[in-house]
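I have placed the structure first, in the form of structure tokens, so that the comments after it can refer back to it.
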Amino acid sequence: MRNKLLIAAAGIGLLLGAVPAWAHHAFAAEFDVSKPLVLKGTVTKMEWINPHAWIHLDVKNPDGTVTSWMIEAGAPNGLLRRGFTKNSLPPGTEIVVEGWQAKDESTRANGSNITYPDGRKLFIGSPGTGAPGDKGGDKDK
Amino acid sequence: MADGKPNLTGLWQAMGTADWDIEDHSAQAGPFFQLGAIGAIPPGQGIVEGGEIPYKPAALEQKKKNFANRFKDDPEVKCYMPGVPRAAYLPYPFQIIQSPKDILFAYEYATTNRLINMGKPLEAATDTWMGTSNGHWEKDTLVVDVTGFNGNAWFDRAGDFASDSLHVVERYSLIDANTMNYEATIEDPATFTRPWKINVILYRHREKDARLLEFKCVEFTEQLLYGDLVRKSNSENPGK
Amino acid sequence: MNQRTFLWMSALGVVMAMAPISSVVGQTASQTSAKSGKSSADPKTPWGDPDIQGTWTSDDTWGVPFERPKQFGNRATLTEDELKERAKNIEHNEEFVESGGANHSPAKAQIDAKEKGEAPPPPPQGRFGRGVDAAPVPGHWGEFARRASHQSSQIVDPPDGRLPPLTPEAQAKLDAKMKLRRDPLPASWANWSIYDRCISRGVAGSILPVIYGNGLEIVQTPGYVAIRYEMVHDVRIIPTDGRPHLNSNIRSYMGDAVGRWEGKTLVVETTNLLPDRLSIGANGDGGAPYSEDMKITERFTRVSPNTINYELIVDDPKTYTAPWKVAFPITQEPGYKLFEYACHEGNMAMHNMLSAARAEEKKKAGGDAGQK
């Protein structure tokens, strides 16, 4: 009886609420799940705005030309509460964005995974506070 | 108040037409002749000390561009937040709630609101529409220091603007129980040749049961902002 | 667990549900001191009203199901084991946020599979599940509970923790709304929620916990309590001077609120709501749009320096066949502050989603759909 109860409890969303995952619109309304991409480029601007933050990225194409991309990220206020600020992703930073391309415009994408070129993840944890094990945050700190 | 400070709590509103143009202006036509006199712009005495805004030459050119495109580019047309100091002289009321700790300003327009931090000053984490407000008392005057603007708000419907290095210092002081003097010092070395001031009188609403209403104007801008993206085969109104 | 132990635990659960829900397995609630007043047990403002001021968040109830899963029956609280399980999940969330979590790159996995000529991997099941429509932006953008809630659901009345049946009228409105939401090629902004349109989340939607933005500030002055919500920058000015509601011809998204003190509890009644737009649920969109008869009653009771017990009673006979109640604690957290959430000003998603729909239609029609 006890085991059954536990299994039932774990399986029926006891731990996760019935609220939809992303607080608002479906990803599929904006982005094309059949067009995954990886973009490596230089940040020209980071807009810490709601409902989505936007990273402006200059990507060098194989032929040497540069394309300006707009990457949709999450809502910033949770990150701001962890100590990130407008200086946490300064222009000039090189990043790698993995995500999916927009359905209607070729130079917009959703950024599901954003890292520094060395693989360190961006926006994880709290920004450079010098704490032991601190991984994310300002590159120049 | 118990701490000896004047209580600014109340429903306040500026009179005059500063939101149309903070400088002196004559009556003029509006964008739609179909609205006749209702759609026209009334005259107004300016609220800028000294009369003229001290724009740098390049900024003055930008202001003129803004003016020429004002019925399209004014953030107020799109129901965007008004920024500071424009929020103080919009033609709509705002409520001040003064607690012993912090002071809340709630504006009827677009449900804009901001909390004035009266404790240790905090730095702006990001640039925002209403900026980051730190306040303190100088005798009986509430002084609010606002920084961290995103440079997107205008000062009025005439295209007056500033950049994201704008710094505003507001001063609120009661002239009598029902009248408040509002003064703001505007500083932005990227846009103006020197700091300058505006001065507005705020009047307390004294109607029985006067209370802050809600003017959520976003839905009145959707046709404007997204109308060309609506499925054309929709025969009925795209919706409320 | 034998029958007797189960009953004992249920009884305990009832008692626990009524007690302040502020402790957690392995963690204790922070002990920030009271703001003002003579005793920290019942802080008062200088003019003598109970002091409920501060920045509060419903983060701790994020993850608690809104409606109680049927298996719980009338049991409002978790068993010790269930609580431990929930606490483990919360720790996992914290680790995930601090360390970078699982190597979550479904986009890269798709690309790698294609290069290898393999079948694409199944749609990403982020930590919130549900495939591609779930958040492909990883969870570290979100906010989490700090303590495991004892509750089996957010709804505490009716006793089974589930919504009372809808009226036929309300069901029809809900069906019509879901049809709009599910249209894969949305016609206009009206297909989306009042929240997605950056207008409001309403009274309940502004406090029911979601994946971020669960903070609110309470500011008091003689004769008023004001509540300011981070998302979507809504504010309510609640007079406590006994004045009547506005005339019913003036309606709004947040309604007209009047408050009174009952002992140390602030009771707020809200009427004058705009009908047929918002519903009572997460982000103001999780249910049937309510009618002009909706009356929302809330109770705020500060039970410790950093906990307010919050109740929300929903009463709209045109929508629900019986009133119902949600209850959970909201807490103060060290360093937690609100930031501006200017939504409409940056709502590129609305433009982009409509633009995507029109582009898809054009593609389907072979490019001659007549759309520009």
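Order of writing sets the labels: A, B and C. Residues in every chain begin at 1.
Note that in this section a residue touches a chain if its C-beta (ideal position, glycine included) is under 8 Å from a C-beta of that chain, and two chains touch if they have at least 3 such contacts.
Since the model is a prediction, treat every value here as computed from it, not as a measurement.
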Which chains contact both chain A and chain C? B
Check B-C against A-B and say which one is joined by more contacting C-beta pairs. B-C
Whole-Å gap between the CA centroids of chain A and chain C: 23
Centroid of chain A to centroid of chain B, CA atoms only: how many Å? 34
The positions of chain C in contact with two or more other chains are 198, 339, 342, 345, 355, 357-358
Where chain B touches two or more other chains at once, the residues are 125-126
On chain A, where are the residues touching two or more other chains? 76, 80
Would you mind writing out the residues of chain B in touch with chain C in their complex? 1-3, 7, 9, 75, 78-81, 95, 97-104, 106, 110-115, 125-126, 128-130, 152, 209, 211-214, 216, 218-219, 221-222, 225-226, 228-232, 234, 238-240
How about chain B: which of its residues touch chain A in the complex? 125-127
Which bits of chain C are touching chain B when the two form their complex? 35-36, 45-47, 53, 185, 187-191, 197-200, 217, 219-224, 226, 228, 233-235, 237, 239, 243-244, 246, 250, 252-254, 256, 277, 338-340, 342, 344-345, 350-351, 354-355, 357-358, 361, 370-372
Quick check on the complex: what are the chain C residues that touch chain A? 1, 62-67, 69, 71, 78-79, 81-82, 85-86, 89, 97-101, 104-108, 110-111, 123-124, 126, 128-130, 132-138, 140-143, 152, 154, 184, 186, 192-193, 195-196, 198, 209-213, 230-231, 282-283, 286, 335-337, 339, 341-343, 345-349, 352-353, 355-360
Going by the contact rule set out above, which residues of chain A touch chain B in the complex? 48, 76, 80, 84-86
